[in-house]
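A single structure is presented below for examination.
Naming follows writing order (A, B, C and D), and every chain is counted from residue 1.
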Amino acid sequence: MLVASVRPLYADTDQMGVVNHAVALRWFELARAEWLRRLSYTYREFEETGHMLPVYEVGIRYYKPAYYDQLLSLEAELQISSPVRVIFEYRVRDQKTGTLLLEGTTKHAVTTKHGRPKALSDELRAIMQRGLAEQQTQHAARAQTG
Amino acid sequence: MLVASVRPLYADTDQMGVVNHAVALRWFELARAEWLRRLSYTYREFEETGHMLPVYEVGIRYYKPAYYDQLLSLEAELQISSPVRVIFEYRVRDQKTGTLLLEGTTKHAVTTKHGRPKALSDELRAIMQRGLAEQQTQHAARAQTG
Amino acid sequence: MLVASVRPLYADTDQMGVVNHAVALRWFELARAEWLRRLSYTYREFEETGHMLPVYEVGIRYYKPAYYDQLLSLEAELQISSPVRVIFEYRVRDQKTGTLLLEGTTKHAVTTKHGRPKALSDELRAIMQRGLAEQQTQHAARAQTG
Amino acid sequence: MLVASVRPLYADTDQMGVVNHAVALRWFELARAEWLRRLSYTYREFEETGHMLPVYEVGIRYYKPAYYDQLLSLEAELQISSPVRVIFEYRVRDQKTGTLLLEGTTKHAVTTKHGRPKALSDELRAIMQRGLAEQQTQHAARAQTG
């Protein structure tokens, strides 16, 4: 699910002449924030309910380099949403050609502001379920037209 | 193998009051540079031989938050060195208590400056083998004293 | 001249609960890239002509903190364009209220890829002059309607 | 006053093949933290007293590029310490040759955790005065041996 577009800055590149691999984690953060915003919800509001989503695991696979000022598509999907954890998957593509540049996963615990485990509130669970449902509708639509 | 110490900067923290998870990739980069420096070799010299080590996979697991100005131990180990790829493992600990905060892996292709596959030269292979041998000596020494 | 909008990421904040002051330099870079793009030109093309614009001076004044996910307006203006240097001014505002959060200046030398002084080519000078002219037209329009 | 040494990471460089200009602000932050640590005090303790030192002005002048893995000397001096503001000056040099690469200034307000103006406590004022006194002793010593 396409959630955002981004162009790497000069500050994101390194002397190999490509975007530094660490920048992927910025894109993932942007992608999950925009995934949530599509549901008319923001991570800021999420925090205001007293929940945090600290990252406890990250995995990234890089296929092609990204370049300065290249127009990139950020895709995010909620993979699993349980009361105590949330898992997102991401894909970053060249926007013109659709070529997959990298993909990854972030796993998040659900905690209080002080880092203690906390179950997602019913309201938040409902929002996440709505996001999952929208993803499935999109997949089904794509499968029919594909 | 302890290779470096580091204290997180204010700029490394985020509004959760802890070090942002993306900073782990800075520490890993620092750790593998210092791993190499222990062998009286630098990544700069590595590049001057016409080799690059672009990252093609990253994995990180976070156990405890790291804090501003906390004295951290960075550990790095070369896990695999083949002519075409190099895999490093890392652990980040609180230096005083030894508590493990996070650990991870980076996998690197061996390429030319233009990103094409290239085998490690004999000289570089010998350096990596020397590093592997030193690690084993250290492990053996620790096992005896342990 | 409004050139871009941006929302700070979590990774941009620090434990003071606001956006870290260093992020201003990312915004300035984004702003001058977009200033150039409005003229149907990109900094990437700029570099392809063999010119670089390394920063030799930076000044920033901070008036109000910026917050996570706050919608910000980035304004950029070319102040001076001589054959050997280029000076940009920036303002960052809250997009809703127009409140000025910070402003700054970056001064750039014009050099070759190897950092040696080089005069702007006639083509690039013409592009910069076109940008200056558009700014003045905008100022004049705003003065009339103001 | 030399307060720290640092080697730029790959992640600090950009595709110009040099350290990105924004990294100077990381070095300045590191330098003022180490300036304070020399007085057996830390910025963390500083915050624990309920004071913050948000940056309200930054100025940087760049003379020479810094490179990946170059050993750099960070110098910091407290220039002014009043009850309501603190000004630091910095110099970054190549450690081997002493060549000045860049210099800058950061100006800090003294505030509460909520960003409201607050005067430095007597204890903190005494620490800053001790730092100023040590700087003058060093300057005098250097003048005699110079």
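By definition in this document, contacts are C-beta pairs under 8 Å (C-beta built on N, C-alpha and C of every residue); 3 or more make two chains touch, one makes a residue touch a chain.
In this text the structure is predicted, and so the values were computed from the model without any measurement.
Chemist: Between chain pairs C-D and B-C, which one is joined by a greater number of C-beta pairs in contact?
Modeler: C-D
Chemist: Using only Cα atoms to place each chain's centre, name the chain farthest from subunit A.
Modeler: Taking each chain's C-alpha mean as its centre, the farthest from subunit A is D.
Chemist: Distance between subunit C and subunit D based on Cα centroids, please, to the nearest Å.
Modeler: Subunit C and subunit D have C-alpha centres separated by 26 Å.
Chemist: Distance from the CA centroid of subunit B to that of subunit C, rounded to the nearest Å?
Modeler: 36
Chemist: Could you tell me which residues belong to subunit C and also touch two or more other chains?
Modeler: Residues 10-11, 16, 18, 22, 25-26, 29, 68 of subunit C each touch two or more of the other chains.
Chemist: In their shared complex, at which residues does subunit B touch subunit D?
Modeler: 7, 9-11, 25-26, 29-30, 33, 42-44, 68-69
Chemist: Quick one: which bits of subunit A touch subunit B in the complex? Just the residue numbers, please.
Modeler: Residues in contact with subunit B: 16, 18, 21-22, 24-26, 29, 52, 54-63, 65, 104, 115.
Chemist: Under the touch definition given earlier, write down the residues of subunit C that touch subunit B in their complex.
Modeler: For this pair, the touching residues of subunit C are 10-11, 13-18, 20, 22, 68.
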